[in-house]
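Going in written order, the chains are labelled A, B and C, and every chain counts its residues from 1.
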Amino acid sequence: MGYGLYLLFRSANAVLVLIAVVFVSSILFNASVEQELRASIEESVSIRITSPAYRALNQTERENLMNLWRETEYKRYGLDQPYWIRVLYQARDIMTLNFGDASIMRSPTGASGVLQIILEALPWTIMLFTTATIIQILLGLYLGLKAAQGVGGALDRGVSVFAMLSNSLPMWWFGMLMILTLSYGLNLFPSGGKVSIPPPTDPITYFFDVLWHMGLPLLTAVFVSFGAWTYITRNIVVGTLQEDFVMAARAKGLPERKVIYGHVLRSASPPIVTMSILSLLGSLGGAIITESVFTWPGMGRLYWIALETGDVRVLLGLTFITTFLYLVATVAIDFIYGFLDPRVKVGLTGR
Amino acid sequence: MREFRRFKIGLLGLVFFAFFVGMAVFAPLIAPAEAYYRWSDITYWEEYPKGVPPEWVNIFSSKKAATQLTLKPTFVEKNITFTYNYQSDIPPSDIILKVSTTATDQERQLSLHVSRPDGMQLNNIVRIVHRGGEVRILFTSVDVRGWLITWARDYETVENLEKIRGREAFVNPLMILFSKPQPGILLGTAENLKGQYNVVVQLSPPTATTARAIFTGSVFGILGTDTLGRDLLVGIVWGSRLALLIGLLTAVLSETIGMIYGVVSAYKGGIIDEAMQRILETVSSLPFLPILIILSYIMRPTVWNLALLMAIFFWVGPVKTVRSMALQLKEQPYVEAAKALGASGWRIVGKHIAPQILPYFFASLALGVPGAILTEAGISFLMGAAGVSEPTWGRILHDAQRYSATINGMWWWVLSPGLLISLAGLTFVLLGSALDRILNPKLKR
Amino acid sequence: MALLKVHRLKTYFYTYRGTVKAVDDVSFDLEKGVALGLMGESGCGKSTTAYSIMKIVPPPGRIAEGQILLGDVDITKMSESQMRQQIRWKRISMVFQGAMNALTPVYTIGRQINEALTHHAGMSRDEAVGRTRQLLELVGLDRQIAQRYPHELSGGQKQRAFIAMALTLNPDILIADEPTTALDVVVQAQFLNLLKRLVRDLRMSLILITHDLSVIAEMVDQAIVMYAGKIAEKGPSEEVYLKPAHPYTQGLLRSVPRLKTPSQIQWIEGLPPDLVNPPPACRFHPRCKYAMDICRKKDPVETRVGSGHFVSCWLYPPKVT
């Protein structure tokens, strides 16, 4: 089966999965939000009842007004339509890439378009988590390689122990600890947010201010995750080093650097690269919890706010984008793996 | 199978495991059950100090903080006297007086006086008119504080008085009470006055039934308290039950479902296999955290319910590996032979395939626990009481974040729950790794 | 003068279980253009001897004592970088056991052969490509093979490709470590013929390591029989084959089934020895039917039993002169 046909097949598959995911999400999000919204609408109505202007009206007028309020609010949140209609329409909208407007939320610049809101949060997540992922991949690769070369030695054992320990730490808790020690204790970093209040006006200072704010979350993200990376890389490389062709390459009189970076790393690259891609694209989801701990305005935090305010369209938009990226990654990985490792035949027969 | 005592890792894992199980099982002995069930009930925690570090902090600091003390009074005519011997460097965080008299229709009066070791007499700090029942006086209340500030002004410098202007609410009345009458008294920088203090409640007419004075410590317990006064030891110890429960339950459920799914998919092969794999892909592409958060919000699940919910997403984990193992096993000659002999599918699976996968199952089970524990912790951290209905370690951390523990340096509140969450996860990682190494000889290194 | 002189070589593996004396006092010479067969059971130290000559013994192994003279240079004293730049692949190269895994799976055959050329011989890409084609033809492979990946080749093709790679720099000595183990009989024969031809045409010295005696008989001029890290017997292959002196050699030859002789196959009793704690004195004595008292007490001395034919066995005590 040629590359082209296989690509088509996998893409079709991915699209199906995406549709399914959007549907399920739509069902769940709408269900949860419904009760909450109804309750909060009732609350806001009951507050308005206490106004003197309202009291001045007679019974019928009051009733009409209350109903009017209710209707406007329902319309505003889309509650005027029955549940299943909403589910279907919203799902359809998203899949035709019509992200629509947010019911309640607004972006920091005041935009109400869902896509707009998401796109304003996206760069922040990339800045933080994608940077963190890149650092931890590079760090993990370098250390893992070094550890594998000195198998059983101090570095190797240290790496294994550290990986095990750091992997058990919840990232968000570690973030809290960092805030406690480096922000409260040593006053080296701010405790949250992306920029100081009030934000600096001069762009260069602004830039550094953001970097300063990014320091703690970045440190947290890298510290908790690079251990696992190092361990994985180390394992893969150790496995590869035991292969005969490594001895053969050395026997050929090739310099050690060429053996390690050329033959060994190149042979180990398929799993490492595919995992890196998955990791990079996964980071775009932006850890919901960690971003909340640091009040970092990325996609993760956006998710949380959307959940709290019950803005279904934003939720669906976010789910769509993150799932889409994830699926793109899984399909791309298949191909990249086949590209890097000539032994693997891409296609159904290769499974 | 029991030979993982050989591996130091497994041994360490076992030790930790025993520690947690012990904590869970002996919870009622370490901390009273009632304290846990009334975790959210503020009235239960009235007499506890609010937001103080653990007692052992005193070992490391040069300034010794006062510990919790409840005093019984001596009754002399119309005076109820509490004698407090103050020898610490940091005064108690509060003094709570509870006086009960028989309820009547007539109005009675109650007044508060304190005599200090330096001979100074603080009279009529407050006067309360009451009709019996329980009267409560807190030294951190506005009245007492106001009185003490006024009393202390005479000894304070003008500059210092300027410094606290408009910020009287932040002055610590207990520091005033237990300090020498010097400049700095309102800032808390004056010297300590150690010695015997008599706190006197005067009743007219003198008809008290019971009285109690609680000098809440500036340190408390083994793990300190949170801003609501809750003894963190209670939350931690009882939380271990929930953590273990949710970890193990979720892992067992998801591993079992996953294993069965993988084996069936591999064994059936063909279209069924493909279809099952598609379903697998769909489920694993779902963003499980947001969905779990939403479901928790709607359902307010108990730990049991949450385990079920998590299993709905986590079962996909083991399937891939189990399936490839089963696929390999399927090709084995003895399976062909069994088929030729007419053995039914279930029999083949049960007798030939499943037992080979079982070792992987156990290792995978142990390794699946930390994920469940961490996920629940994350959900509880985000949602607090609105999520999981029972107070777990994650919930304690949620409260910590909500009450700005990090910004206020209440490290004990943040450290213990998180540390235990990590340790619990680590325990199962250790156990799982050890199991994996023993049962999976290929990886022997 | 001999091209290669191995003198009292000892290569040990320092493991936590103990020190494995894989090669324990081995000496032999190799002349130019001579094919030498190194044979013995699995684990007798033949491969380790070969790795020692190229100094690629994997850790925790190390050359503990002895000299390896290539011409008049003792290569045991050479540093890693000197070995890499001057010796490996240039003067001594090796064909590994099971080339299945000895070829890097992610590079094409051509690229792997080119590597040695561009790196060592300083050839340009084009020169290297041309030479690669020549080499492939030399071993009887189609030049298209250069574009293939290792997994696309059959076992026999891979072995040939590896020989091509081993010959890139015209080494003086080619070591072939059990080159035919993973091949079926027909391919084996083809392969050995190839080797024979190359050795003759290129005037190369060959060290052929094998446990398959029939190969020895055909292929080599000199034969060395190793047991438990020591040399049991060495000499011209005809002599060793037709007039084996050491009981072990005799036992080996008797255990090979032959079509013509109706006699029963006799195998050698017992198991190969533990190299951490080998039997004292003569290592073969627990399994030898001629074992005498002295065999248990003193190491046998190497004695001449024919022209160029030496044996280490108390059945042939050194002549008192």
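What we mean here is this: contacts are C-beta pairs under 8 Å (C-beta built on N, C-alpha and C of every residue); 3 or more make two chains touch, one makes a residue touch a chain.
Being a predicted model, the structure only gives us computed values, none of them experimental.
S.K.: If we look at subunit A and subunit C, which chains touch each of them?
M.R.: none
S.K.: Most central chain by CA mean?
M.R.: Most central by this criterion: A.
S.K.: Cα centroid separation between subunit A and subunit C, in whole Å?
M.R.: 57
S.K.: Calculate how many whole Å lie between the centre of subunit B and the centre of subunit C, each centre taken as the average of the chain's C-alpha atoms.
M.R.: Each chain's C-alpha centroid was found; their separation is 68 Å.
S.K.: Mind checking the centre-to-centre distance between subunit A and subunit B? Centres are C-alpha means, answer in whole Å.
M.R.: So the centroids are 29 Å from each other.
S.K.: Spell out, as numbers or ranges, the residues of subunit B touching 2 or more other chains.
M.R.: Touching at least two other chains: none.
S.K.: With touch defined as at the start, can you tell me which subunit B residues reach subunit A in the complex?
M.R.: Result: residues 278, 281-282, 285-287, 289-291, 293-295, 297-298, 370, 374, 377-378, 381-382, 397, 400-401, 405-409, 411, 414-415, 418, 421-423, 425-426, 429-430, 433, 445 of subunit B touch subunit A.
S.K.: Which residues of subunit A touch subunit C in the complex?
M.R.: Against subunit C, subunit A makes touches at 243-245, 247-255, 258, 263, 266-267, 269, 340-343.
S.K.: Inside the complex, what are the residues of subunit C that reach subunit A?
M.R.: 54, 56, 58, 83-85, 87-90, 93-94, 96, 98, 100-107, 115-116, 119-120, 149, 151, 162, 165
S.K.: What part of subunit A is in contact with subunit B in the complex they form?
M.R.: Per the touch definition, subunit A meets subunit B at residues 13, 16-18, 20-21, 24-25, 28-29, 31-32, 35, 164-165, 167-170, 172-174, 176-177, 179-180, 183-185, 191, 238, 285, 288-289, 292-293, 303-304, 307, 315, 319, 322-323, 326-327.
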